[in-house]
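Each of the next two complexes has subunit A plus one more chain, namely subunit B in the first and subunit C in the second.
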Partner chain A sequence: MFSLSYNVQRMLIISSFLFLPLLLLAAFSFYPALYLVWLSFTSWDGYSPDKPWVGMANYKEIFENREIFGVLSHNLAYFIGGIVQNILALFFALLLSRRLRGRNAFRIVLFLPYILNSVAIAYMFTYVFDAQNGSLNVLLTALGLEGLITSWLGNKHVVNISLAFISMWKFMGFNMVIYIGALQSIPEDLYEASKIDGASRFQALRYITLPSIRRILELSMLLTVSGALEVFDLPFVMTKGGPAGASETFVTKTVQTAFNFNNYGLASAMGVVLLAIVVAVITIQRKVILRGEKE
Partner chain B sequence: MRGNQILKKSVALLSTAVLMTAMLSACGSDNNANESSNSTNASTTNNGKAATNDSTDNASTTNAADSSTDAAPADDVKGKVVFAINRTDLVETKLKEYSEQFHTKYPNATLEFEAIKDYDQTIKIRMASNELPDILLIPGTVKNSDLPTFFSPLDDLGLNDQIYFKDNRSQDGKLYAISSGSAAMGVTYNKKAFAEAGITDVPKTLDEFLADCEKLKAKGIVPMATNFKDKWPLYGWDQEAFLVAGDAALHNTMATQDAPFAVDGPHFKVFSILKTMVDKGYTEKDLMSTNWEGSKKDVATGKTAMYLLGNWVVNQVIDNGAAADDIGFFPMPIDNTGEAKAVLASDYFIGISKKSENQAAAKAALKWFTEESGFDDFSGFIPVLKSKQPALKQLADFMAMNPKTIEMQAENDDYLAIANKMQFDTSAFAQDAVMGDDIKSVFDSYNKKWADARKAVSK
Partner chain C sequence: MRVELRETAGTTSLRRRAFLSPEGMRHALVYAILLIGVFVVLFPPYVVLLNAFKGSEEYANSGVFDWPHSFLDWQNFSRVLELSHMGRAFGNTGIIMVASLAGNVALGTMTAYALGRFQFKLKPYIMGAYVAATLIPSVTTQVATFSVIQHLHLFNTHFAPILLYLGTDVMQIYLYLQFIRTIPYDLDESAMMEGASLFYIYRAIIFPLLAPATATVVILKSISIYNDMYIPYLYMPAEKLGVVSTTLMKFAGVNSAEWNLICAALLIVLIPTVILYLLLQQYIFSGIVSGSVK
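Let's turn to the complex of A and B:
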């Protein structure tokens, strides 16, 4: 019917299938990203028709102004929370991939928080952490641990830990499900063989399970790190960055810079810097995790 | 090998996706912050309108008066105009009535309201993309020097000498926007709670005020709801500083100084009052668990006695179940002289887009909205027309106490440049002053940041 060669036909089909996704990707991902980079060299105020070019001034300001980078230390709590979250998730995954009565019910219970809307979660936890009538303090009182009672969101030394806990609670189930999936993909005969060879449970975990899910571990850590760097919704909804800026994160600060202080140029530069930090951290992490592994 | 690469790619894609979601959610969640209620208007109320001097304005005022007498004959008023407004709560009710009333008066023209959630942000995007509605509330952060780029001059409406806050949104001697009404800053209180604590008269001096707080506290009533956590409800304390300074343009004055936050300066004095109240337990028990919506109910029932906010909150407390007679409003005593003082601040300003195709209809609609709609009374504002008395009883009572009023002037471009540069937020400043270990060092650091920002901006 057509005199097109097989190769031309193949290219035609491939490109026509790719056209739409690529167009969408370009329109909603690449173009905004490039525009963001361009804006980061201007001092645009968010509405004016002109966008004055200021060169590297925004980047200079980010690195000179200690307040901008200082907030990254608040993200540390989320990072540590993320590591605990992964360990817990792996623990539950190992537990729940065994034969266990009611394991599906447990899986659902642990996974549920991930499905909830994070703003809803934030509102829910404002009631848990409420210093006067909050359920957490009621529980502590009932357990006779009055000494631990504090203003969970009002104490500037505790607020980030409180918020990181919520994020841990929310995402743990998601990690667990991924780990369960990875564990189920490990062939059963490997374990049988190791049993025949006399390996203990711990040895099986150390030499079969962990190496088999290393890729997934890496993915989880990547999500944890970038998630910790990009925390936004919880402090934004629950504390507005308070008390006195103690729970501000890099992204809430960026949003404020753009929308409250009309400095879209600087905010764009902060977005680009965050992107660079995430890429750098992931590169280092890959180097560390993949150390010694031959590609 | 191949599997690895695919996985690598999907990891890269995934991380992009995560980044994108983070960015998107950043935009999306912003909606939640800006509740469409009056509360946010009031908090943004005083951002960024520059005052121009009167002398240049007079000329255009007289010109306008000439042309206004025969301005816009009714047959000229035709076509459809769209009015963008932030009151999403009224779009199906009150605003519909306004549209009908306007149409009855001008049969050839229709006025349509478009209520926008997350108002300022949406309008700024539309400004950037040149798609403004015909009539709109101008976001507080739009600089006055940008007004001629986007808006039509309104001098021919003939309102220039009849309105308050005329200079706030004027540029180069032309009027570009009209205030939708103003609010007085003062203490809204529950009379029943006062009676229960044995307080018969509203306090006239600061000492009396603090003594009354003590009486309320002794009765188990929270003396004042600060809504500390939400930050914006603290904006009143900054406005009180205008009174301490006796300067209607305190912010603009600050823009000429290198160390505006002196110990014993206006801000120090008012924030010290707030800090005293916090230290003595005259505010919510846990400042970081405060709840704005809940606090309105608490004031309505008398569990909490007072607010320091604009008079717009009076109606909101009444809406939450208080009897109108139980709620009063008095000037906050900021010193012991016994003289009543109050600061008036304008709410949103309304302007007409330069690009509007039906200028005559838009102007007629704006004039009608200002003079006849009654939106100011409905919102509990002090009307922008000097000839009109406020309808809100509490406001009338308040004015009957004869407070010395200060009409808060708009912030000029100098102030805005410095404030945006240093990311100065008056309510965050109040939070820092209260939460900081040492109030003096907080003020020192603000002075330093101010000086740095001022230097950077002037370069």
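Let's turn to the complex of A and C:
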């Protein structure tokens, strides 16, 4: 049917198969990134045709206005939550990779939050954390722990911890499933051999398990860091950044700056700063991983 | 269910070893920890389930942990469907999901075939571009992406999220590239000996053999599209274009005092995914594991 030579076909396939994917890559990954950098040097309001050049003014604003850069400290709660989440995930993965009745049922339940709609999760926890009717405060009363009762989303010292907990609740099972997968790929005879050599369970964990899943551990940590920097939907839906801005994150602040205050220039500069931080974190992490592999 | 599990744990340890032996104690401890985990996970949805079936008056006069008079009272659900346009929202989410999944699978397999089977001069640069793209988190560049969508006149259309779901996440490219390496090149060669065209090889050999990777892509992308709020919220604010996430948000915002209704709305959004999850859990777990190990 086709009389074209394979060389011509090859050319045709490569160019036609890659045309659309590369166009999408250019239009939605690279062009926005470059355009973002350019916008960050302007004071564009989002609709007028002229985009006045303001040089470094937006960046100066970000680093001098404590209100903007200080917001990153709210992201810290999510970062710490993410670390706890990874530790818990590894712990549950270790528990569930031994012989155990009902192992699969536990895995199904613990992973469940990951597949749930994030807006639904946000409202579910608004109900749990509600100061008056919230089930958490009712539960605490029933347990005789009235002293712990607080307005979980209204207290500015607690709100980020409450929100970070939800993110932990949602993603712990995801990490756990990944760790279970990694644990299962460790050959069983390594453990047999260590038992014969008289190694304790802890020693087996320290010298066999952890080194074998190190790459996955590092990848998860990477996702934790970038995830913590990019938190958006929980505070956006649940607290609108309140009370009094206590739960704003860098991304909710960026979105607000652009779409509510029409300050696209400043918002772009904030985007560039976040981009730079994420790229720096990933680069450092890759360097560490690569060095680790050479050793 | 929890009580039942605790009993099985007890009987096995009784049968196998003395109940208070160190081994038995350790066993009990493991179950206790797991049950605490189960409790923490199921507590919020359990409370939602209880209160979704209470009428307004019943809700006002009962505690959060009280069971409803009847689990067969569906009034809240029909009121939610009436007030919220949730049916339309499922339609919009469905359209966006089907279109972007089809596009992702088609373009992903094509890219993997072109990059995974042929050597050409530009290839290292293209691979490099994909690696660089994973470094750019799309959340950060949204301000600029927004103006791209506006220039294309796609703001407030289904095409905006479809294109963004196609263009911003390149996870499927890695997955397919990794998987195509496991398909022996001999298959391509013997087909070529018989004179098959390269397009035929892609369509009749490579595409079907990539099916396991396709299953993973479909599962992971479905979860993330159904659960995404950011993109539809920013790019399709029009009332009639509401997807499940944004419609739920609007409904809960307007009826914020009526928790029994909100709980019913939450169940309407959550139940379909939970059922699919229980049916497909094996595939989801293996998909997550293979998707994460790049």
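Basically, the second predicted complex is superposed on the first by the 260 of 295 C-alpha atoms of A that agree within 3 Å, B and C clash if a C-alpha of one lies under 4 Å from a C-alpha of the other, contacts with A are read in each partner's own complex, and residues count from 1 in each chain.
Here is the rule we go by: a contact is a pair of C-beta atoms (placed from the backbone, for glycine too) under 8 Å apart; a residue touches a chain by one contact, two chains touch by 3 or more.
Predicted, not measured: the structure shown is a model, and the values here were computed from it.
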(message) With both complexes superposed on chain A, which partner does A:V255 reach: first (subunit B), second (subunit C), both or neither?
(response) both
(request) Figure out whether A:F232 sits in contact with subunit B (first) or subunit C (second), or with both, or with neither. (result) both
(request) Classify the contacts of A:H157 with the two partner chains as first (subunit B alone), second (subunit C alone), both, or neither. (result) neither
(request) Pick one for A:L219: touches subunit B only (first), subunit C only (second), both, or neither. (result) both
(message) Going by the contact rule set out at the top, does A:P49 touch subunit B (first), subunit C (second), both, or neither?
(response) first
(message) Taking the superposition on A as described, I'd like to know which of subunit B and subunit C A:G271 touches: first, second, both or neither.
(response) both
(message) Tell me which partner touches more residues of subunit A in the superposed arrangement, subunit B or subunit C.
(response) C
(request) Kindly classify A:R66 by the partners it touches after superposition: subunit B alone (first), subunit C alone (second), both, or neither? (result) neither
(message) If we overlay the two complexes on their shared chain A, which of subunit B and subunit C does A:I282 touch? Say first, second, both or neither.
(response) both
(request) Could you tell me if A:I13 is touching subunit B, subunit C, both of them or neither one (first, second, both, neither)? (result) second
(message) Using the superposition on chain A as set up above, list the residues of subunit A that contact both subunit B and subunit C.
(response) 28-29, 119, 134, 219, 226, 230, 232-233, 237, 251, 254-255, 259, 271, 275, 278, 282
(request) Would you tell me which residues of subunit A are touching subunit C in their complex? (result) 1-2, 4, 6, 9-10, 12-14, 17-18, 20-22, 24-25, 27-33, 35-36, 39, 92, 95-96, 100-102, 105-121, 123-125, 127-128, 133-135, 138-139, 142, 169, 173-174, 177-178, 180-182, 216, 219, 226, 230, 232-233, 237, 251, 254-255, 258-259, 264, 267-268, 271-272, 274-275, 278-279, 282
(message) For a test of understanding, state which residues of subunit B touch subunit A in their complex under the given definition.
(response) 1, 4, 7, 11, 14-16, 18-20, 22-23, 25-26, 29-30, 32-33, 121, 124-125, 127-128, 130, 139, 141-143, 146, 149, 228-231, 285-289, 291, 419-421, 423, 425, 428, 431-432, 435-436
(message) Under the stated contact criterion, what part of subunit C meets subunit A in this complex?
(response) 5, 8-9, 12, 30, 33-34, 37-38, 40-45, 47-48, 51, 63-65, 107, 110-111, 113-115, 118, 120, 126, 129-130, 132-133, 135-148, 163-164, 166-168, 170, 173, 192, 197-200, 202, 223, 226-230, 234, 244-246, 248-249, 252, 259, 262-263, 266, 269-270, 273-274, 277-278, 281, 284-285, 288-289, 292-294
(message) For the complex, give me every residue of subunit A touching subunit B.
(response) 28-29, 45-49, 119, 126, 129-132, 134, 151, 153-154, 156, 159, 215, 218-219, 222-223, 226-227, 230, 232-233, 236-237, 239-240, 242-245, 251, 254-257, 259-263, 271, 275, 278, 282, 295
